[in-house]
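There are two complexes below, and they share chain A, which is joined by chain B in the first and by chain C in the second.
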Partner chain A sequence: MAKITFITQDNDTITAEATTGTVMELAVDNGVQGIDGDCGGVCSCATCHVHVRPEDFEKTGGPNDIEKDMLELDDEVSEYSRLTCQLDVSEALDGIILKVAH
Partner chain B sequence: MSQSDHPDPFKEARTNTGVQEIDDQNDPVAMVLRLKDVRKCARNWETYSSQARAGRIVVPSEVNIRDIRQVPFELDPPLHGEFRQIMDPWFKRPLEEGYQNALREQIRTLIQAANNSDAVEAVHDFSLPLQSRALTLLLNVPFEEAETYISWGTHVFRSEDNPLDAGKAQVLYDYIDQKMDEAEANPGDDLFSVLLASTVEGRPVTREEVMGAIVLTFAGGRDTVINMVTNTLAYLADHPEALERLRSEPEIHRRAIEELIRYFSPLTHMGRVATEESSVCEHAVKKDSRISLCWASANRDDTVFERPNEVVLDRKVNPHISFGFGHHNCLGATHARTILKILIEELCENVGRIQIKDQEENIEHWGPFDRKVGYNNIQLAFDALTS
Partner chain C sequence: MAYSSEQEAVCVIVGASHGGVNSAFALRKEGWTGRIILVDKDDALPYHRPPLSKAFLTSDDGINSILLKPESAYHNNNIELMLGVTVASIDRGRKTLLLDNGETLAYSKLILAVGASPIIPPIQGIDTTAAVLPLRTATDVHHIKAAVAPPQGKRAVVIGGGYIGLEAAASLTQMGVSVTVIEREDRVLARVTSPELSTFFEQLHRDNNVTIQTQKNVVSLGEVDGSPCVMCEDGEEYQADVVIIGVGIVVNIELAEEAGLDIENGIAVDAHARTSDPDIYAIGDCTFHHNPRYDRKVRLESVQNAIDQGKIAAAAIAGKPRNYDSIPWFWSDQYDVKLQIVGLSAGYDNIVTRTEGESSPPRLSVWYFRGEQLLSVDAVNQPKAYVIGTKLIKEGRPVNKETLANPSEELSLSNLAV
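After this line comes the complex of A and B, so read on.
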């Protein structure tokens, strides 16, 4: 079980829990504004972009090359950017805070 | 090679030079072939503009057959973004339950008719009515309007034998004009009325802009959706094991949808006009010349995709650009994905097996490249699922 917090562009805070699936799916299931997941989670659409709270970045780790290539071309990219479809929910992510990028 | 394969004609040029210049009515086009280059150019609207003369970013160019600017497709930021803000929520309606229920009913009816026939010519008797009926949901107009759309054939803009037929485009313009008249006289909750009541730049949207947005809705989702549906049927006919797998593993459907869309790449490419001197892969791009963003080639780029020429139904990481990339990404993508999702679900539910009886491929010709984009016609025999 992992508890994950999303902060939207409107500064709404949504905390949700899951044991399986991806962080993108968790966000979509909980109606997090700004996380659309249009492509269903195959790293094609970049509509699930977040900035990981810096102190949580060790827990999520950084993006792989394909994800990095997607993020590089996003206006809101930062050194803490991740696409949540590429983050699998696990105990390791418990307590992290994600700021929705769009 | 089997009947449902779509070979990659771009590999050699993509690997060797990354760019291929082709002629188009004396307005040449430099086709950009590698995934990363295509994405970078797509994003760089300041250098590679969509707001050229109406029709010029389309390949083959439509400058000689239309003056109507398609909206927001042939606009650059910031006006482009204002139109997207109006149109994006409308084009997300396919996510709504009621929309999907209506679409499911439409698709199930077609599948049941196919199950009850010896064979069906899928392009004109399955995919064309499917696309036309689904379009009534997207526009939110009465179902009966689909009969008119079906009567226009597989291209709303082009005759079967002439890709640049101005007379045919006029039929569509006349229809849209009439619908706008009706919406002005008696506003409803259809896309015509919604757009006519909208504002951009602090002023009302003009009739010409509404015309451009509706033309885009008709043209952009026509042969692309028809090919996507037909190609999916052909693939499942050729690969009965894939249909069985989709039936037993519903959890892979979303990945399968993206993979089929990557593999088929229904739109081969889309142009841009350079606003300044530039270069792609050491190929000089002159000011006011054209490049094209070749989605179909990029989607087979083996520096990004493993086994790019295979359909891997559960491909996990699939950064395809079949719906384009950047701020001009496909407005109809949600509608298209929803159609494919429901089509696959209903085939799994109702069809035991599909067989290809006869087919004629639809091959596009772009300079040195011959690309199969779908079928001119394909006879398919459906067997109902027996439990």
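After this line comes the complex of A and C, so read on.
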């Protein structure tokens, strides 16, 4: 079980928990504005972009190769960017805070 | 009788796939306060379609794993779902829809997100042979899965070597099914891509033990020993446990046509996704629209277009019109190969093909130009090419083709832009 907090562009804070699936699915299931997941989670659309709170970046790790390239599509990319469809929910992510990029 | 009172604004959306669902949520986001009613003949909660030929086919995760939104999201956004209901006709004078259950539904604004249907070609026996299926809905996939369920050794024939057919072939072969693809043209993906990419995908499938037969015409379907058999013009016959029809789609224009809306190569819409009736919009696969980036009218079969037109229609209905101005993009996943496409290649007169060293799976990209203008990029396992191609097309920047063609030159925006 992991509790994950999303902060939207409107500064809404949504904390949700799950044991399986991806962080993108968790966000969509909980109506987090700005996480669209248009491609269904196959790293093709870059519409599930978040900035990981720097102190949590060790828990999430950095983006994979495909993800890293896809993030470059987005002008808002930062060194703490991740596409949440590429982040599997696990205990290791418990307590992290993600700022939605759009 | 009508569902709604005379006073309240109602936006009815016909079709609850990518376009319809996204437009519903976009309407709320844009501040529409009236009712939103999503109608679809499919009685399942709206789901992602691209996985149908991929992960949904190969896994047993079920439909809940591919829902566009959870049921609670519709409730929380006050979006009413009317599923398992078919719209029979539109009365534009009264602004009502006649439903197949005999009821009528009043609208103030209407969005047609009616999509398309698989073409069932006029082949003898196609209607009467069991286990001959298109692949467009979750129900289709359930039938396909049932036909190839263990024991092992099941056979599939895919008629049509387009994206759906090839994705189905890749998925089925990964499930242990022996697959033959029969294509009428001289190469797969003939309608949608260059000969270079067709060759790549044919080889990919052959390497994965899929039989690809091109320039082959199917003349009839029949049953031999209780399973379907595909007969070809050259006398060859292919026995199978399931036959998948993947020869393209036809736009669902009937509702719009009978209502007298302008039809071209689809439902004609303007830059706001509005039809020839100012209170009726149309979005997604069913529309024929102008793409300003390419300055021509197109009909697109894509998630991107469904979503973007859905947002455009919602903005217009909410009184904040914006013009459609998207660069089309597409993707296809087959085996461990990720194909990403940006732009429209039609009208290209020269290409640059770039292969990144010796890697497995291979990474390559095909860049389509008209003269010096970059039109489109097909990127195979090479998202960097897709991303850089998108930026170059967006900015309309000229490209140094010599650098591009040389794989020892780094693939970067600064390196490629002239």
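Note that the second predicted complex is superposed on the first by the 102 of 102 C-alpha atoms of A that agree within 3 Å, B and C clash if a C-alpha of one lies under 4 Å from a C-alpha of the other, contacts with A are read in each partner's own complex, and residues count from 1 in each chain.
The working rule: a contact is a pair of C-beta atoms (placed from the backbone, for glycine too) under 8 Å apart; a residue touches a chain by one contact, two chains touch by 3 or more.
The model shown is predicted, which means the values in this text are computed figures rather than measured ones.
Student: Quick check on the superposed pair: does A:Ser44 touch chain B, chain C, both, or neither? Answer first, second, both or neither.
Tutor: both
Student: Return first, second, both or neither, reflecting whether A:Asp29 touches chain B, chain C, both chains, or no partner chain.
Tutor: Once the two structures are laid over each other on A, A:Asp29 reaches chain C alone.
Student: Check whether A:Asp69 is in contact with chain B, with chain C, with both or with neither, and answer first, second, both or neither.
Tutor: In the superposition, A:Asp69 touches chain B and chain C alike.
Student: Going by the touch definition up top, name the partner, chain B or chain C, that contacts more of chain A.
Tutor: Touched residues of chain A are more numerous for C.
Student: Report for A:Ala92: first if it touches chain B alone, second if chain C alone, otherwise both or neither.
Tutor: neither
Student: If I apply the document's touch criterion, which positions on chain A are contacted by chain B in one structure and by chain C in the other?
Tutor: 38-40, 42-45, 66, 69-70, 73
Student: Considering the complex alone, what residue numbers of chain A touch chain B?
Tutor: Touch list, chain A to chain B: 38-45, 66, 69-70, 73, 86.
Student: Could you list, by residue number, the parts of chain A that touch chain C in their complex?
Tutor: Of all residues in chain A, those touching chain C are 28-29, 31, 33, 36, 38-40, 42-45, 66, 69-70, 72-73.
Student: In the complex formed with chain A, which residues of chain B make contact?
Tutor: Result: residues 36, 39-40, 43, 254-255, 257-259, 262, 304, 315-321, 323, 325-326, 329, 333-334, 337 of chain B touch chain A.
Student: Touching residues of chain C toward chain A in the complex: what are they?
Tutor: 18, 29, 48, 50-51, 66, 69-70, 72-73, 76-77, 303-304, 307, 331, 333, 338, 340, 383-384, 386-387, 390-391
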